[in-house]
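Both complexes shown next keep subunit A, but they swap its partner, so subunit B is in the first and subunit C is in the second.
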Partner chain A sequence: MYEPTVARLTYRALLGRRRAAILFLLPALLIVIAVAVRMLVGVDDGVAADVLGGFALATMVPLIGVIAGTGAIGPEIDDGSIVYLLSKPVKRPTIIFTKLIVAIAVTMAFSAIPTFIAGLILNGNGSQIAIAYTVAALVASIAYSAVFLLLGTVSRHAVVFGLVYALVWEALFGSLVPGARTLSIQQWALSLAEKIGADGAIASDVGLPTAVILLVVVTGLATWYAGQKLRSLTLAGDE
Partner chain B sequence: MTTIDITKASRWFGNVVAVNDVTMSIGPGVTGLLGPNGAGKSTLINMMGGFLAPSNGTVTLDGNPIWRNESVYKEIGVVPEREAMYDFLTGREFVVANAELHGLDEQAAQKALATVEMEYAQDRKVATYSKGMRQRVKMASALVHDPAVLLLDEPFNGMDPRQRMQLMDLLRRMGGEGRTVLFSSHILEEVEQLASHIEVIVAGRHAASGDFRKIRRLMTDRPHRYLVRSSDDRALAAALIADPSTAGIEVDRAEGALRIQAVDFGRFTELLPQVARAHGIRLLTVQPSDESLESVFSYLVTA
Partner chain C sequence: MATELTPQGADPTRIHNIGYRKYDGPRLGRAYARRSLYSQSLRGAYGLGRSAKSKVLPMVLFGVMTATAAIIVAVAVAAPAGTMTKLPLSYTAFAITLQPVIGLYLAAQAPQTVSRDLRFKTVPLYFSRPIERRDYVLAKYAAMASALFALTAIPLVILYAGALLAKFDFGAQTKGFGQGLVSVALLSLLFAGLGLVMAALTPRRGFGVAAVIAVFTISYGAVSTVQAIASAQEANGAVEWLGLFSPATLIDGVQTAFLGATSNFPGGTGPGAGTGVVYLLVVLGLIAGSYAVLMRRYRKVGL
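Right, the complex of A and B next:
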């Protein structure tokens, strides 16, 4: 199911592109914010949860997910170079699965690790907040990668749709319309964080069983559907 | 022996019909797919390469459908027209990656790079390559697994004459080895030099098929039109019309010229200067007025 050559090409394409600068910028920004908050406010569990929940999980993880998920396949489809992967006796779902693993690894590396470091800086993992948000970031990385990889496979405007989902649906509607939170990867991940963190430190609107089921179903369905779409990918000529 | 069969295949994009009810069989040897730009050559090659489903009809490799069938790529090598490659890799890394995707090792990649004579630049980034170099590395990537079928979409575009000769030699050799080599081109001379068998596509339709000489004759025997200006148009017209190679002459007073329709191309081109000389007429302009490839092709369609 995992094709090392596809993975190597995907890693190099993802990390070599200019867009990859955001992969480094966002975590750096999070660390800077964490240091500044720690110096100004001192150790405060509530503030630590606000920073990790409000910036790391709500903004940084989905943005990195968009870049890694759509970037793992979208540009190759756009410029047609995917033809070199497709014209091989390699099952198309294998290509999708491999790219998903790469997207997950990149999203985790650039979101979960900085989240953990920022958590340690903010309150030294008091009330398990650093660990809780790190786990949330890890879990969210998987679902975001799968959803945005699917977007990258089916649409040329994947980045725009990804940003609309992450910023408009999750951030805006999620804060205004309670029902929207049930359909939000961020909230599903938060429900895990809620279980790990000390009582009352972190709150989520979705129950843990619902969250886990939704995470598994969405990740699985998105990956399967992306594989099917790639099997039928049409490369029209320039004519 | 490996054969691609296209049977009653059509492909449309929305309301536009790109390929219209085409039936052809591509067997061993070099076949040229000839047609003007926009005729549907790329659409056909994409269907043969498994990157496009026929809207109607079938496209098969030795009887097996090509669409949604990854196993055909053990037999097929594809050289796409589009330029995009993995520019951040070196030529060697690119070909090695292609070999690995076939389950082969670096040795296969080196052999393919040697075949296209790109070893000297294999450690340079693809991004720094000229168009001809890219074309050759693309070719190497299609050859790594020693395929029985090679599909090339406009392979000579952007190549200089020397590179063109090299690639033609290579394709000729591969055809001679019994491989099925199909390349598309909109340039008559390219096809003439390389392919013994040609398929002509015009406006999505299969216009002609067969031996190149036969089709070439069809092309040269068609009525040719010329615009001629001379020191005495009417005297020239009278002398020319007496010969059976001339089918009709119109005196175009607005242009101040003769519009001549010739039926026997070879004979007419010899006749014209002889007649002019015999009657002491000076030829000022002799201009073919329908030599564009499109008009040649459209003639073929109606022939």
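Right, the complex of A and C next:
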């Protein structure tokens, strides 16, 4: 199921010169904010949860998920070089699975580690907040990567749609319409964080069993369907 | 070899006149080429003259902007007479409130405007015309800024028309409308410049989109988060200076200081005239800077 050559090519595509710059920018920003907040406020569990929940989990993780998930396959479909990969005797679901593993690894590395460091800076893992949000970021990385990888195979405007989902659906609708929160990867991940963090430190709108089931189903379905899409991929010109 | 067919001793090279005619009509020149590039880019920014699929996103976002304005107008007009003396959302606050939509539009369209030329290596074809680097950059910059201005100013016109229909005070509304127009013009120039720079530096469209969003939405999110925390700690001086670090709060600061707007900063503590000058200088510096970066970018044509 795992093809080392495909993985190596995907890593190279994702961590090439300028792309890596965007990936480094966001975690750096998070750390800077964490340091600034710590200097302004001092140790405060509520503020730490606000920063990690509001900035790290709500904007940074989805954004890195979009870049890594769609970036793992989107550019190759975009410039047509995917045909060289597809013409090799490698199963298409294997290609998708390998790219998913790479995307998950990159998203985890660039979102969970900075989240953990920022959590330590903010309150030194008081009330288990740093650990809780790190676990949430790890779990969210898996689901985001799978969903955005699927988007990358479905549409040429995957990045825009991914951003619309991450910023408009999760951030805007999620805050206005409570029902939208049930269908949000961020909330599913938060329900895990809720269990780990101290009582009342983190709140989620979704129960843990529902969240786990939805996470598994969405990740599995997205990966399977992406493999199916790749089997019948048609290459079109730009536009 | 052609030489084998020519007789010995004769000069083997010759130029045949195969009947091409010289072009002796009028030459439209550099200004015309620049104008064409401008209008093509502006049309392209709304998907006009391109496939139906590429019209969807800009038109949907444009619809969101105008629909919001229309709803505000409907609320203002439907309110019982005398209960409202001004619009529920002021002219200057409109663009700041809807800046995620503007950010998405820019993220989707700025890469379309410049990245495709770079990726398909068509830039050399432009420069085989009588335009120069300055013309190309100016045309693209002006087109993107005009597209953003249309996106932000047309809703203001709707608001203004609605305010007059609802018989609000004519003088105050016209003043607010004028201030709003100046503010969105500044916003269009600033956003277009930054967006084009990001898009021109990352020719892969997907990464261009993500980079633009990172610069606009993420910096706005980060700045407002820290501002909110600073405001809660009563560090109002910090709130004022933090606004310098994101494009939307920069515009917010400028219009609070000079255009009579109410600040969206937490606590409503926008910069005064003194700090406002710094804001204005930073905005103008960023606009000039993005023009300079674009000029540098196109010194070497290609990826």
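Note that in this section the second predicted complex is superposed on the first by the 233 of 239 C-alpha atoms of A that agree within 3 Å, B and C clash if a C-alpha of one lies under 4 Å from a C-alpha of the other, contacts with A are read in each partner's own complex, and residues count from 1 in each chain.
Simple rule for what comes next: a residue touches a chain if its C-beta (ideal position, glycine included) is under 8 Å from a C-beta of that chain, and two chains touch if they have at least 3 such contacts.
Since the structure is predicted, the reported quantities are computational estimates derived from the model, not experimental observations.
**Student:** Since both structures carry subunit A, what do subunit B and subunit C do when superposed there: clash or fit?
**Tutor:** On the superposed model, which is not a single observed complex, subunit B and subunit C fit side by side.
**Student:** Scan A:Ser87 for contacts with subunit B and subunit C and give back first, second, both or neither.
**Tutor:** The answer is first: A:Ser87 touches subunit B but not subunit C.
**Student:** Between subunit B (first) and subunit C (second), which, if any, makes contact with A:Thr234: first, second, both or neither?
**Tutor:** The first partner, subunit B, only.
**Student:** Put simply, what angle do subunit B and subunit C open at subunit A, by C-alpha centres, to the nearest 10°?
**Tutor:** The angle comes out at 70 degrees.
**Student:** Once the shared chain is lined up, is A:Thr5 touching subunit B (first), subunit C (second), both, or neither of them?
**Tutor:** In the superposed model, A:Thr5 contacts subunit B only, not subunit C.
**Student:** Check the residue A:Pro209 against both partner chains and state whether it touches subunit B (first), subunit C (second), both, or neither.
**Tutor:** After superposing on A, A:Pro209 lies clear of both subunit B and subunit C.
**Student:** Report for A:Val41: first if it touches subunit B alone, second if subunit C alone, otherwise both or neither.
**Tutor:** The answer is second: A:Val41 touches subunit C but not subunit B.
**Student:** Enter the shortest inter-chain Cα distance between subunit B and subunit C once the structures share a common frame, rounded to whole Å.
**Tutor:** Here the least C-alpha separation of subunit B and subunit C stands at 8 Å.
**Student:** Residue overlap on subunit A between the subunit B contact set and the subunit C contact set?
**Tutor:** 79, 238-239
**Student:** Touching residues of subunit B toward subunit A in the complex: what are they?
**Tutor:** Residue list for subunit B touching subunit A: 13, 18, 37-43, 45-46, 49-53, 68, 70-71, 73-74, 76-78, 80-82, 84-86, 88-89, 97-98, 100-103, 141-142, 153.
**Student:** Which stretch or stretches of subunit C touch subunit A in the complex?
**Tutor:** 50-51, 53-54, 57, 100, 104, 107-108, 116, 119-120, 201-202, 204-207, 209-211, 213-214, 217-218, 221-222, 225-226, 229-230, 233, 235, 238
**Student:** Report the residues of subunit A in contact with subunit C in the complex, numbered from low to high.
**Tutor:** So the residues of subunit A in touch with subunit C come to 18-19, 22, 25-26, 29, 33, 36-37, 40-41, 47, 50-51, 54-55, 59-60, 63, 66-67, 70-71, 74-75, 78-79, 157-160, 163-164, 167-168, 172, 238-239.
**Student:** Tell me, which parts of subunit A touch subunit B in their complex?
**Tutor:** 3-6, 8-9, 12-13, 16, 79-81, 83-92, 231-239
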